[in-house]
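Note that the chains take the letters A, B, C, D, E, F, G, H, I, J, K and L in the order they are written out, and that residue 1 is the start of every chain.
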Amino acid sequence: MRILVLNGPNLNLLGKREPEIYGTRSLWDLENDLQKAFPDVKLEFLQSNHEGALIDALNKCMDGMMAGVVINPGAYTHYSYAIRDAIAALKIPVIEVHISNIHAREEFRSKSVTSPVCRAVFAGAGLKGYELAIRFLTENK
Amino acid sequence: MRILVLNGPNLNLLGKREPEIYGTRSLWDLENDLQKAFPDVKLEFLQSNHEGALIDALNKCMDGMMAGVVINPGAYTHYSYAIRDAIAALKIPVIEVHISNIHAREEFRSKSVTSPVCRAVFAGAGLKGYELAIRFLTENK
Amino acid sequence: MRILVLNGPNLNLLGKREPEIYGTRSLWDLENDLQKAFPDVKLEFLQSNHEGALIDALNKCMDGMMAGVVINPGAYTHYSYAIRDAIAALKIPVIEVHISNIHAREEFRSKSVTSPVCRAVFAGAGLKGYELAIRFLTENK
Amino acid sequence: MRILVLNGPNLNLLGKREPEIYGTRSLWDLENDLQKAFPDVKLEFLQSNHEGALIDALNKCMDGMMAGVVINPGAYTHYSYAIRDAIAALKIPVIEVHISNIHAREEFRSKSVTSPVCRAVFAGAGLKGYELAIRFLTENK
Amino acid sequence: MRILVLNGPNLNLLGKREPEIYGTRSLWDLENDLQKAFPDVKLEFLQSNHEGALIDALNKCMDGMMAGVVINPGAYTHYSYAIRDAIAALKIPVIEVHISNIHAREEFRSKSVTSPVCRAVFAGAGLKGYELAIRFLTENK
Amino acid sequence: MRILVLNGPNLNLLGKREPEIYGTRSLWDLENDLQKAFPDVKLEFLQSNHEGALIDALNKCMDGMMAGVVINPGAYTHYSYAIRDAIAALKIPVIEVHISNIHAREEFRSKSVTSPVCRAVFAGAGLKGYELAIRFLTENK
Amino acid sequence: MRILVLNGPNLNLLGKREPEIYGTRSLWDLENDLQKAFPDVKLEFLQSNHEGALIDALNKCMDGMMAGVVINPGAYTHYSYAIRDAIAALKIPVIEVHISNIHAREEFRSKSVTSPVCRAVFAGAGLKGYELAIRFLTENK
Amino acid sequence: MRILVLNGPNLNLLGKREPEIYGTRSLWDLENDLQKAFPDVKLEFLQSNHEGALIDALNKCMDGMMAGVVINPGAYTHYSYAIRDAIAALKIPVIEVHISNIHAREEFRSKSVTSPVCRAVFAGAGLKGYELAIRFLTENK
Amino acid sequence: MRILVLNGPNLNLLGKREPEIYGTRSLWDLENDLQKAFPDVKLEFLQSNHEGALIDALNKCMDGMMAGVVINPGAYTHYSYAIRDAIAALKIPVIEVHISNIHAREEFRSKSVTSPVCRAVFAGAGLKGYELAIRFLTENK
Amino acid sequence: MRILVLNGPNLNLLGKREPEIYGTRSLWDLENDLQKAFPDVKLEFLQSNHEGALIDALNKCMDGMMAGVVINPGAYTHYSYAIRDAIAALKIPVIEVHISNIHAREEFRSKSVTSPVCRAVFAGAGLKGYELAIRFLTENK
Amino acid sequence: MRILVLNGPNLNLLGKREPEIYGTRSLWDLENDLQKAFPDVKLEFLQSNHEGALIDALNKCMDGMMAGVVINPGAYTHYSYAIRDAIAALKIPVIEVHISNIHAREEFRSKSVTSPVCRAVFAGAGLKGYELAIRFLTENK
Amino acid sequence: MRILVLNGPNLNLLGKREPEIYGTRSLWDLENDLQKAFPDVKLEFLQSNHEGALIDALNKCMDGMMAGVVINPGAYTHYSYAIRDAIAALKIPVIEVHISNIHAREEFRSKSVTSPVCRAVFAGAGLKGYELAIRFLTENK
């Protein structure tokens, strides 16, 4: 079973940026932790600041090789209708994850243009949110 | 460890109402499944159509006996500032759960007045969402 | 044939409150008049100021014993998405009635969150509106 | 007793257009049915796609010959302040009727500029709504 | 002279919740202090988290036994048109009190649906606000 | 010198409708009074409830025979972009007149879609407004 | 093959009004050019300033004789829900044409209430837009 | 008969500022012209850039010496609720005048907070507007 | 103990303007009554129609001589961010008072830009509101 | 004659994604068809999911080698002011094409930030829309 | 070369008010520093809390003696269309300066009604902003 | 001392695009001029049309080598919350520069999503704005 874990803009800064919100573990740490937690799942990781690169990655999932996608679109959550369209084009389940509770921050963060086309949305569970999302994809039948 | 699982209006209809959205298992089934899944946690369940009853239950958690709350406020999600205040008064973590992806339905469902004061929000994971919320409360340290 | 006639908050004041808008007959008078006008229909009446009590009553109709519901949600009309969900869960026809023409009063009264899930809406016909609603339920096939 | 029954734009298509919403009986059928149902009332019928023609007809009612008006302004409901003014100028009761429940359709249909100056509004009762409106005019004293 | 002092949702938490905003005295303390400050007035106290219970209490004032009402509707202030209607039905003066300055907090707290039908509104004077409200009712002729 | 005086929907009711707002003189009286007040100007009068007829009349002015237009578009003021386009197409000055002060009435009356393309707007001067408008057209050089 | 070409208010002024926007050819020229460009298609032309007349013409297409409609609703584009309903009632394809790019002009022109029920919308192609619309109707299978 | 002619901020620049909009005659010229045009009326003139000074002047009219006021509030038109209150306190008629057609300029200029409490509003008639306003005050009985 | 009592625009008209709203006592009466009611407090009074004069007075309070301010900003309440800034700069408590219940009047009066920076807001208590405000400042510790 | 045909995000999925909306022909098919239909025009094709790449391509057109551009900006239509600026910088005509009728879909799709700076907009004509756009560029003089 | 440096309401409090935002140097210090920094420029300084006084000062610049204006309108920035008009009337460049970054504070501060008519806007550069503004005026040719 | 000068989309067109707004000097000229003006500062320049590339560059500044950033985000100013997040993650001062006065152009340009997280914003000073921004970074201590 293969699952794509996509991280959007500025998530490469994990551990360095606003640790009181995002924690102190790096993206590298997160990815290692997740792979260890799911030894039977083949996780593929991609982080990019480029909207187009995220869309490219989602488009490639149309080849049917992935069983699901976990995506944290970062700030693109709030305006990227292009990423939304790329998600909507997929038939496999896509789970949107946010490390912080986006509803408890600036007004603009409470609007998500990608949520309506995702299967589920997990916000505020910290890095743990990624693990729960993968668990949902692997256990939900 | 004790956790309160609160369900709001119309969730007593689980299994009977719009099964294509909410599934076919009853609230009774859900509560049994959850207790079985977490044998070491003392789960307390309450469902009520009465906004005041939900607030009463949240107020009682101020006695410090509960380690956390999982709440699905049903339609009160969209306008009950009174439930919001009751959640905000608590120091223990409160997780908001929605069975369906509320962002993929009518416009009014995408506004939550309770989310900003919850620790995390899980939407769209079906009944599985309750399990993930309890897992988050028990495993997150 | 059984029909439930539900009245929401402050309708217990009928006859006492703003008689130039609501008339001088009491809720008791209204209920008696209606039962007399439809001797072959078993009318069940409930008035409550409690949103939860109205939802409880609507939920009970899922047992299939009622042929229809006539509801005047009073001020809950304007914000109770919880009542809306309770109506939407029913398969029997629900008719929304307002004694006064809600469109001719304060701005906020012209917004109804329950109307979209009712079968029909009658506003401004005074107490006569209840009678017309029951007539519609009994004669419409 | 004379009552004017006014139908606005596209209601000449009754029976031909979207029968799942508007039914299969023609405007001609409707008018015949209504006259038969009220043998003691002199009903006058007018249908026009022209906003001005509807206003002309309403203006003529200022001669005091009509006891009331039943009007389905069709789509003019949503923007014709000119028809609204014509209704407001009348001293006899005007009942607004909509065949479908306009609150359960596109957003723009839930705004009525004519409702605030009508005596009552009946929506969603199908063709039966016209009958109930006439009944209200004839029985209400 | 009898005056009803009504407190809405979460005000039972006075002294326990956010003491930097609401102070450290309990609701019980407040009620005792008020009765002592006005020995010649018969104060009746009610606190409830239930919207319907607050409406019931307001409805009872229509019996003419109360000379006035002091109400802190808590979060219901911001959306309960049902409480608004119950206040509007009364002929005796109703004073709305808020412990904190609701205009200095979250955006949603600056909108009150009950204020337009109250006689006066006092916000931000702490527990002292209740005393001033009762003073206004007793001294204003 | 020729001037067209156009009156829109329901202005045929002048003298009969809401005399406290519109006065007691009829449209016929108004037209006679105006012609007498300006014996050297050839006034042409048209009143119609039909939006199209008003546009037809404005279109005809493109023949260059008229020196100006005085128009009271009635309720079309608030939504007829078609009349607006017809006015904008003219090179001669067009004066918009309203008998009552439209800013002192319902909210919707304070929005005019035709005003931006008129030369001047006179509101609230009663029937006198027509006279002032013609005076402006004849004296302004 | 028969196609109806409908032009709305003020389009009779083509060639005379704002030639920098609408060009110098008259409506008559346009209609002749179009018929010459499509010798095998029977084009029927109608221009009217009357909303009702445009609706009448659209209603007549329900007789099944037309293969399609090309409509430039002029300013009615921005508010005529009645024309929208008339278009929606048709089963044949309707193409909306605007001579100028309505998105590059006043704000109000960028809102079209008729576009959602048309098959396609062509704006900004000048008189050429009509030709492309007919081509689309004749070549698209 | 005495009439106060009030001019607000920047109208002292008349003749110097944007002559294509405001013309080339100075405020001094305007005041002289007006007095000459109405030899039998005692006109009193005041121009001030100070909102408070305009309010002071309006307040003084409560002494009953003035028969009416002509006011061009300049940009205060768009936000000075304080001037609005000062006008509303007067029992004599107040006419609002604007030299240019404020509806044909920037969006913010089409909102007037003073118009609802004036008797009439004349906009776009150039300096002539002042003369028409005085004429209205002197001739209207 | 010194307290500044500031009154904004048009409050010099007290007793003369709309006595059904503002009562019949003059500003002079009010100031005398207040001083008599608080013989041990040195009250300083200022009324001005000039926004700048009110700001000047507030700025002077930065010298630390005043123990508090009672301000009725009149219509400046609704838009004067400059007065808001002047209040926010003070460290002493400022109480905002309105004679009428501003929430029960025109829509625009329910928005206060000064309230968020005041300590408390009293509205609707008539002239009594000033007394209660001073009482609050003198008794609150 | 050279024309650039630009396709934005997710249009590489043509034929694979939602065929009931976008048809079954691939982007490759479309490009071949277009080149065949215009043998005398040199068409250059580019598709990219990267906003920046689309801007780069538009910027290159400033070298004067292209006679026009046909662009389907995909979802960037709704928010890319950067692409808008790139189009506005060009002096050659740019035609915006949408395969589906964007006005008949989700609300957000009816807002285009690029349309105001394009010469023309064709929406809803399917793949045929590209052909009509090229035809317009080659035949329009 | 002469330049006017205008400061609006509450800027007389510089150094005393919220030093963490506005710094600890007084307005007097600022003015001295600026004159020293530009020994060859004749700087004229004015601070006023009175909107009218600021307009008066701007109006005087129409005499052509000033080469430019640096203005910090304080809170008038957000609503004074009267100051906006006074700036727009000038032909010399006007630079708007804000000590703090107004976009990083309360929502209402991010709206400036004066910016659209200024040549440039500098915000957030502290007192240094005034120096940069003068430098721009003196060095920009 | 090192400073990064970032230019966003379409700024590579400087000198070629709308010279009346942006001047005639190229980006190359600008960069040379700036380096010459600050010989003691090491300026690093980057221009990109790619949102992701701008974020990459900002992310790299977290290595602590830069003393500050001058950024002109071009049209990304108006919607790129991703660039906003990248700026907010930095501890060094970031100055936002716009060549033109963005408040004096289209409505959408007056909204900046990046300004709230920048230290200062300079708009409308032409190319000179970059110089002033660097001067601010080098002189401000």
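Observations on the model:
By definition in this document, a residue touches a chain if its C-beta (ideal position, glycine included) is under 8 Å from a C-beta of that chain, and two chains touch if they have at least 3 such contacts.
Everything numeric in this text was worked out from a predicted model, so none of it was measured.
The set of chains touching chain E and also touching chain K is given as I. Both chain G and chain J are touched by no common chain.
Where chain E touches chain I, the two copies mostly use the same residue numbers: shared numbers make up over half of all numbers in play. If each chain is reduced to the centroid of its CA atoms, chain F and chain J end up 47 Å from each other.
Residue positions 50-53, 79 of chain J are each in touch with at least two other chains. Pairwise, the chains that make contact are A-B, A-J, A-L, B-C, B-E, C-D, C-E, D-F, D-G, E-I, F-G, F-H, G-J, H-I, H-K, I-K, J-L, K-L.
Every residue of chain G that touches chain F in the complex is listed here, in rising order: 8-10, 12-13, 16-18, 48-53, 74-76, 78-79, 108. For chain L in complex with chain A, the touching residues are 50-53, 55-56, 59, 62, 79-82, 84-86, 89, 113. Residues 101, 103-104, 110, 112, 115-126, 128-129, 132, 135-136, 139-140 of chain E are the ones that touch chain I when the two sit in their complex.
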